[in-house]
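Next come two complexes, and both contain chain A; in the first it sits with chain B, in the second with chain C.
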Partner chain A sequence: MGGYLAKRALLALAVAVTVSLVNFTMVLLSGDIAVSIAGPTATYEQLERIRRDLGLDQPIVVQYLRWLGNAVRGDFGDSLFYRTPVADLILERLPVTLTLGISAIVFTILVAIPLGVVAALRPNSWIDRAALSLAVAGQAMPSFWFGLMLIVLFSVMFPILPPSGAESWEYFIMPTVVLGYSAMPAVMRLTRSGMIEVLTSDYIRTAYAKGLRHFKVLFKHALRNAVIPVVSLAAVQFGYMLAGSIIVESIFALHGTGFLAWEAMKTADLPVVQAILFVFSLFYIVLTFLSDMLNAWLDPRIRIG
Partner chain B sequence: MAIRSIRQGGTAIAAAALVALATGSAWAGKKDDTLNIGWSRVVESNDVYFNQGVREGMIVGRLLWDNLVERNPTTGQYEPLLATSYKWVNETTLDLELRQGVKFHNGAAFTAEDVVYTLNWTSNPDNKVAVPIMVNWIKNAEKLGDYSVRINLKQPFPAALEYLNAAIPIYPHEYYAKVGTKGMSEAPVGTGPYTASNVQPGRTITLTKNPNYIVGGPKGTPTIGKIVQRTIAEEQTQVAELLSGRLDWMWNATPDTADNLRKRPNLTVVDGETMRIGFISFNANGTGGANPMQDIRVRKAVAHAIDREGITKALIRGSARVIPSACYPTQFGCAQDIPQYAYDPAKAKALLAEAGFANGLDIDLFGYLDRPHTEAIMNQLRQVGIRPNLQWLQFGPMFAAMQQGKAPFTHLTTGAWSINDVSITLRGSFAGGPWDIARDQQVIDLVLGADKIVDQAKRADLYKQVLTRINEQVYWLPLNTYYITYAFTSELDFTPHPDEVARFYQSKWK
Partner chain C sequence: MTVQVANAAPATAAKSGPGFWRRAWRHRGLMIGLTIVAVVVAIAILAPFLTGKDPYYQDLLKRLKPPVWGGGSWDNPLGTDNLGRDYLTRLLYGSRISLLIGIAAALVAGLIGTVLGITAGYFGGRIDLAVTFLISVRLSMPVVLAALAVVSLIGGSLVVVIAVIGFLNWDRFAVVMRSATLQVRDLDYVTAARSVGCSNTRILLTEILPNIASQLIVVATLEMAHAILLEAALSFLGLGVKPPLPSWGLMVAEGKNHLLFEPWLVAIPGSALFLLLLAINLVGDGVRDVTAPDGR
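Our next item is the complex of A and B:
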């Protein structure tokens, strides 16, 4: 296990460095940071001075190493737009995105796993097909459209939920449903296939033979095993949700990091774009690493193979 | 871009659904004397010297602070605000007498110290205000007495009063020195008609009527008790907020949304022309390498190929109109009787052939803001054989491409920072700075010369010469004005103005 852990950790580190390099280079090539800082009324001399002061006249490798050195210490520089440290901005906005992401993954799990279990109990029946249709609809619907329709229904037609903002928990209900719904098919289908496989295994037959009740066999013996790969999938989905909240945050006026990323792209606030991409990449890499470890711990064939 | 197209797709669906389904809503604004306003643009800082001149920042700025003078939007006259009178001592010296008895929101008395500090601090290049062109004409300010100041100019600058009116609010000197720009953004203190609370820069701000506000001033006396501003990125979410009664005012409604909102009995929808103008800028001097737009015949061909009147009526609609020169008609010096290019595709083709492009040409067209309009222009250019390859970018990269000479021609807009004097546009774009891609020495000399002339007739004449040469050489092709659609509860008495500064301190409940 130790060797496997070290190998995966090294791989994760290599991915992090590669992602940071690609991220840094692409963002740098997408615009001139000196122009953004100087503004539209600057002179050539001011532009050149800014380029010199920021080291933008240095080779990209030198610029990258300096940026990475600062980034690992949590220093992403100042936002060109807000003129405050990027790290402060991200920390200030992260609670909204984390609240949304955690709520959405909990919603996904609470809905998709029972649906998967129900579908697995009657494979290819109308219940199975209905559960699958319900889940797939979540993936098929564009989140902006789904979000707007929820607003029409629950804020305008039947005004029981606020359409935008983040003042209290009610404000997170619709964004949670929109973000969580899109991740349901994967979780639901994995639960379904896992349950179908487990329900046909010998130990389940033995459990029934021992005279255990159906409910107990289903939830104590079958689901506990079937849900193992779902947990690691959910970890990865959680990473997707954090990074994929841009549209949802925009529609529901939640001022989290997703909205910050969108605004930063619009205003060519390159330090913010770089930092958010880097931070979300790290989230994703860490969550993938943890899910690998979980899988390896649960299934010895992975770590031995 | 993907998000933009998704949004556009959703606009019609959502707007139709909202209008069809919405039930009557309880308009809470008037009832609790709170005006809820929303807009999509994030204002980076409430410190107006550190936002990029966006109108939303100006709107909040005018509520919180006062300028020395205030231009009456109806008469165009400069009326005394924090200054009670002004006098030009000579071409570079402006003396002002200040209003007495005015207090900042924190209780500090307004005096000459505040004016001197504000002007000296903001005009000091080391402090790097966001739009230095607003203050870089000031040499310094000095105190003549507790309530009188002198502003020394670097050189004659006749538009000084317009700049003092539009963009130079006076800050409390002790407070600003103590808290800095971050502190001022998070806890703004001014002399304006409203005070700030619950400030989350870029997200929300609550403004409460200032009971000690100047009586008899040009801004009037505020009547609405509280204004709550929220930043809501999505237009359709704003519409939902408006229809559910949680929002009382929004602006920048797109034409489809506006048409739907007009059907609502309890909403007022108004189109207001703005000072924003659209134009095409050409890389005429070949900065960054040779390009076809260096040939004036090609530039003229573009000018003749575009049906400006047709596009403006069909696409921009509202109160937008075609402009003959590269400025808003009410701006001082914005001459209207200068050479024009009629829509004439045959002439455009002939000019192209004469320039050696009988078979047409493929060329990059850059743009960043008004895509439907840009695409309409592209269609008309294709009719005469100019095949544009659209480079659609965000403002920063687009500006860099222009500055580096990579953009042969670019579809742009400018709102002139709401300055009602053409100097703001010409100083920025034709005086040899980074925006000046024409780099025509004759134009540069004329613009810099006009800056220094106090005689308004002579100054207007020089600007006319500049605008004439810009049109003759087709450095810019002026296109149209824009308009903004405002939607608000019918219980609100609100008047829009072309400078895009919503004056909520003059609004009232009906």
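Our next item is the complex of A and C:
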């Protein structure tokens, strides 16, 4: 386990460094910080001076190393729009996004896994078809449109839920459903196919042959094995959800990190955009690393093989 | 029970040929999906003949007219938007943008991903390690955020949106093509081609590629849907293609301000988008069911 852990950690670190380099270069080449700071009316000399002062005339690698050196110490520079440290802005907005992300992944798991299990128990039954239709619809549903339709339904036609803001838990219901539904199809399908495979395996037949009860076989023997790949998928989906929060937060006016990213993009606030891309990439890498570890712990074949 | 066995038997038969078409014909989801996609393609091509109006023509005296079922007239069957443009005309022309982005972005992504995936799977070793590393780097980048960041900073146009989505979405092509190549590269017909002295390029193009084509088609359809969805989301956030283009995502965004009294402004383009994505997904799932019945 120790060797496997070290190898995966090293790989995760290498991926993190490469991703941050790609993100940094991509954003730097797409925008022009000097123009963002000085505005479109600045003279050529002014732009040149800003570039020299900020070190923008140096090679990208040099700029990147300086940025990374500061970033690992938690310093992402100042926002061009708010004029405050980017790290403070992100930390201030992160709780809303994390609350939304965690409640959405819990919602996904609570709906998708039971649905997948029930569908797997009776393949081709009406409940299996219903679950599959829900998944197919979920894959095709644009989340921004789904969110707006929920607002029309539950805030305008039947005003029972608040359309925007983040004052209490009621404000998180619709965003949670929208974000959670986007991850549901994948989790449901994987649970279903995993359960179908496990239920037809030899050791399940043995368990029944020993005379074990149906529920015990189902939960202790079958689900435990079928759920292993679902764990890593859920971790990946959680990473996507945090990044996907930009759409949901903009619809429901939840002032989280996604909303901050949206504002920063509209105002060409490059330091903020760069920092948020870095933080969300890092979240994803840590999440997949943790799920790999969890999988290796649950299934010894992975860490040895 | 006997029925199931009888159904399973032809499923394991040849992958293409008459069995393939018969199974495709019987697959309800695939047929529904194909029909809807065909209708949308026909609409995109024939848009100027289906409506006599101009999607950019503004008539400020006829702003926000309701659709027929909401008390409107047949002059504007789906009503008009806040600039008095005919909503049906804009909806019909909007299909062109969605299809163009879906096809072009999937082509770009497919080219990158397929080349990477096949070389990694075929040659293995260090090349495979390098490509696998590239894939994990790509997967760690949040697509929606990265696409939004680049498009908003460069400035949204059709070409920029297509290029960005294409360059960001090759990962699934690479993953699937790599594992598919791994499955066929040591089969007898590949070994035979190699022992006869065929070059690697020739083996890849004439032996490997045709045998993993069905999986390529499945990924291509799903990625097409993904690209269309991304463009709509980008345009919805005001960071994708620019007005006055009749992008469905942009139409939803423009209708958002009238959500309270004119909800159909949002409902109509959103439904069109949902229907197209649903149809493309049905086609992708259907092709997978028909070509690899046990791979659901």
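FYI, the second predicted complex is superposed on the first by the 295 of 305 C-alpha atoms of A that agree within 3 Å, B and C clash if a C-alpha of one lies under 4 Å from a C-alpha of the other, contacts with A are read in each partner's own complex, and residues count from 1 in each chain.
Following the convention adopted for this analysis, contacts are C-beta pairs under 8 Å (C-beta built on N, C-alpha and C of every residue); 3 or more make two chains touch, one makes a residue touch a chain.
What you are looking at is a predicted structure, and each value in this text was computed from that prediction instead of being measured.
Novice: Mind checking chain B and chain C on superposed chain A, clash or fit?
Specialist: The answer is clash.
Novice: Under the stated touch criterion, which partner chain does A:S201 make contact with: chain B (first), chain C (second), both, or neither?
Specialist: neither
Novice: Just to be sure I read the superposition right, which of the two partners does A:A140 touch: chain B = first, chain C = second, or both, or neither?
Specialist: second
Novice: In the overlaid three-chain picture, which partner chain does A:S281 touch, first (chain B) or second (chain C), both, or neither?
Specialist: So A:S281 only meets chain C here.
Novice: With both complexes overlaid on chain A, does A:E263 touch chain B (first), chain C (second), both or neither?
Specialist: Touch partner of A:E263: chain B, not chain C.
Novice: Contacts for A:F81 in the overlay, against chain B (first) and chain C (second): which applies, first, second, both or neither?
Specialist: After superposing on A, A:F81 lies in contact with chain B but is clear of chain C.
Novice: Between chain B (first) and chain C (second), which, if any, makes contact with A:Q63: first, second, both or neither?
Specialist: A:Q63: touches no partner chain.
Novice: Quick one: is A:T18 in contact with chain B, with chain C, with both, or with neither? Answer first, second, both or neither.
Specialist: second
Novice: Per the contact definition in the header, classify A:P162: touching chain B only (first), chain C only (second), both, or neither.
Specialist: Once the two structures are laid over each other on A, A:P162 reaches chain B alone.
Novice: Give the one stretch of chain B, out of 8-16, 278-286 or 332-340, that collides with chain C after superposing.
Specialist: 8-16
Novice: Across the two complexes, what residues of chain A are contacted by chain B and by chain C?
Specialist: The answer is residues 30-31, 142, 144-145, 148-149, 151-152, 156, 246-247, 250, 262, 265-266, 268 of chain A.
Novice: Once bound in the complex, which stretches of chain A touch chain C?
Specialist: For chain A paired with chain C, touching residues are 11, 14-16, 18-19, 22-23, 26-27, 30-31, 136-137, 139-145, 148-149, 151-152, 156, 193, 236, 239-240, 242-244, 246-247, 250, 261-262, 265-266, 268, 270, 273, 276-277, 280-281, 284-285, 288.
Novice: Of all residues in chain C, which touch chain A in the complex?
Specialist: Within the complex, chain C contacts chain A at residues 29, 133, 136-137, 139-146, 148-150, 152-154, 225, 229, 232-233, 236-239, 249, 252, 256, 259-260, 263, 266-267, 270, 273-274, 277-278, 280-282, 285, 296.
Novice: Residue numbers of chain B touching chain A in their complex, please.
Specialist: Those in contact with chain A are residues 3, 6-7, 9-10, 13-14, 17-18, 21-23, 25, 42, 44-45, 50, 52, 130-133, 181-182, 200-203, 230-234, 236-237, 240-241, 243-244, 246, 394-397, 399-400, 403, 428, 433-435.
Novice: Looking at the complex, which residues from chain A come into contact with chain B?
Specialist: Contact set of chain A toward chain B: 30-32, 35-36, 38-44, 47, 81-84, 142, 144-145, 148-149, 151-152, 155-157, 159, 162-165, 246-247, 250-253, 255, 259, 262-263, 265-268.
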